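Chain naming follows the written order as A, B and C, and within any one chain the residues start at number 1.
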Amino acid sequence: MIEPMEFPSVLSVDNLSVWRGERCLCRELNFRVVTGEALQVQGHNGAGKTTLIRVLTGLGRADEGEVRWRGEPLRRNDAEYRASLAYLGHSNGVKLGLSPRENLAAASALLATPIANNVDATLERVGLRAHADMPCGMLSMGQRRRTALARLLLAHVHLWFLDEPLASLDMAGVTLLTEMLKAHLSGGGIAVFATHQLLDLAPFPVKNVVLGTSA
Amino acid sequence: MFVWFHKLASPPFFYKFADKLAPWLGWLSLLVILAGLYGGLWLAPPDYQQGDGFRIIYVHVPSAWMSMFAYMVMAIAAAIGLIWRLKLAHAVSAAAAPLGASFTFLALVTGSLWGKPMWGTYWVWDARLTSELILLFLYLGYIALNHAFEDRRTGDRASAILALVGIFNIPIIHYSVTWWNTLHQGPTVFFGPRAEMPASMYIPLFIMIIGFMLYFTAFILKRLQVEVLQRERNTTWVRELVEKS
Amino acid sequence: MKLTALIERDLRLAYRRRGELATPVIFFVIVTALFPLALNPEPTLLRSLAPGVIWVAALLAVLIGQDSLFKTDYEDGSLELMLLSPLSLEWIVLLRVFTHWLATGLPLVMLSSLMALLLDYPMHAVGVLVMSLLLGTPVLSFLGAVGAALTVGLRRGGMLLPILVLPLTVPVLIFGAAAAGRAAVGEPAAAPLYFLGAMLVLALTLAPFAITAGLRISLES
């Protein structure tokens, strides 16, 4: 359970403009996402979905405008913000030389407050119990993605930023992710994800942002 | 006054300002350098030890001085660009680098040319020349890194970090090279003005340094104009400027 | 607790990639062996050149090894996770460079005594040689890490790294080779060793900041 706040947690974006070289990826973007809501970022390939998500995590920087978390604009070196988020990028962030179990142990070491010692249960949840000790280099792309998904369950954080989370996942994987997202949202979390395939997260509201429609 | 400085950070205002100021500085620097050269090559008496050969210091010493000065400007501009996120500061850094590298190269060449008639060899591993050589490598590294990135902004910021690491290291490098030189009792080549130099000798030297500084400023302003045009090429004010000319 | 977990992860990974990490060490041995082949293998000549040759070979070997410091993590996305960790990135980076040095630099330091044998370097001075490398190679690692952080996003970054870092390593080379050289002829080598120690302290305290700044900049795009 994510610890409840006195006021609802809001991730908001004010007049955000992001350029990539000569191209403007988004101009004066505005949106708000509150506790229990999800935001779907859509757009064609190269529209800037990944860039936007990275700006939201603090990895990338916006050219204009602000990202605010609980009303405060993101600071340069915001340890508190980073403690409130989990990120799943295009590349899994999974070391191929380590097994899923070892990968989760390593990821745990980078967290502020990991949930204690339930690596086995987490691996079970994502369906990797049988392969927990094989080096990830020997697992399939879908299994590596599941290892990355398991990382999201290592700590209770408010914000999930997922970039194309469905990539490489089979039908069972898609169901798994949908369930994980619903559990996260019902626990008071916020999820922002970039996807080509629309997810059904009923009864949780899913807002939409579409990039690449304006000049 | 402060407001005017603030306006300077705006590219179109800066462009007009540089356009007016640079030619004046350029011509002034030419005059000053000519005056310095006249003083050094003509008026100053020949050195009692080295005859007329010492006159190369009128180019060598100002070049060496400017090579250090340019690096300082580069590093300070880099710091300003990183801390206050000013694109123009990064442009100053990028403009100062090739100029500084040229000054360093000039210092090395004049030092080498001096060496041949004086000590019979084109290169001596003396502390100052060796430090200048390493400085040239630092400049080249900066320029290489700056141009290695597709995204100009990332290139600016990465090379800014390198410039700051460099400026921190330069005193250490210089000290270690001096120490190394004394260790191996290399020839103590005499490149700087001596304490007992008469006024007629060191005044032209200072004049040359001032002339070089003016040239540096004029050059930087002109280069900045080009950088500003390049970086802002998609804005309306640049398009209007190009259409007008 | 966290620190040991991070060290454990890096060491475990290093062990799994030990073939890859052996490259700098092998490079060191080969380069050292090249010099007698290129020059006159006459013992007195080799002895006078030995401190410099061993040090230059060690310097180049360490720099070659630094490219792999962040590259794999950048490519598989774990570098981004490091940057998103709420833990202090400076500490994470410090530990990373340290474990990398343990895996690549330390073997080099130990092998140097063997290289000393090859180059007829006097055995009584090997202690000082090893000490100079023990103090100097971590500094070289940190300097290389700054270059690695700045070039990690570049495709041909590996070529650029030595160009950027070599000028900065000159003081380490000077003091390290001087210490080994002085000890070989029986002169006191304390002064250059102290300088190396001072540079190590500077590197430990300041380099992590440059490295983290470089990583953040490299990962912004």
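Everything that follows uses one rule, which is that contacts are C-beta pairs under 8 Å (C-beta built on N, C-alpha and C of every residue); 3 or more make two chains touch, one makes a residue touch a chain.
Values in this document were obtained by computation on a predicted structure and should not be read as measured data.
**Student:** Can you identify the chain nearest the overall CA centroid, using each chain's own CA centroid?
**Tutor:** Of all chains shown, the one whose C-alpha centre lies nearest the global C-alpha mean is C.
**Student:** Which chain has its C-alpha centroid at the greatest distance from the C-alpha centroid of subunit B?
**Tutor:** That would be chain A.
**Student:** Using mean CA coordinates as chain centres, what's the subunit A-subunit B distance in Å?
**Tutor:** 48
**Student:** Measuring centre to centre with CA averages, how many angstrom lie between subunit A and subunit C?
**Tutor:** So the centre of subunit A lies 37 Å away from the centre of subunit C.
**Student:** Where the CA atoms of subunit B average out and where those of subunit C average out, how many Å apart are those spots?
**Tutor:** About 32 Å, centre to centre.
**Student:** Can you list the residues of subunit A that touch 2 or more other chains?
**Tutor:** If we look for residues of subunit A contacting two or more partner chains, we find 20.
**Student:** So which bits of subunit C are touching at least two other chains?
**Tutor:** Within subunit C, residues 220-221 contact more than one other chain.
**Student:** Among all residues of subunit B, which ones touch two or more of the remaining chains?
**Tutor:** Expected reply: 151.
**Student:** Taking the complex as given, what residues does subunit C use to touch subunit A?
**Tutor:** Per the stated touch rule, the residues are 2, 5-6, 9, 12-13, 16-17, 72, 75-78, 80-88, 92, 219-221.
**Student:** Residues of subunit B touching subunit C in their complex?
**Tutor:** By the definition above, subunit B touches subunit C via 134, 137-138, 140-141, 144-145, 148-149, 151, 154, 157-158, 161-162, 164-166, 168-169, 172-173, 175-177, 179-180, 183.
**Student:** Under the stated contact criterion, what part of subunit A meets subunit B in this complex?
**Tutor:** Residues 20-22.
**Student:** Considering only the defined contacts, which subunit C positions touch subunit B in the complex?
**Tutor:** 146, 150-151, 153-154, 156-157, 160, 163-164, 166-168, 170-171, 174-175, 178, 195, 199, 206, 210, 213-214, 217-218, 220-221
**Student:** Any idea which subunit A residues touch subunit C in the complex?
**Tutor:** It comes out as residues 20, 57-61, 79-80, 82-83, 85, 87, 89-98, 102, 105-112, 135.
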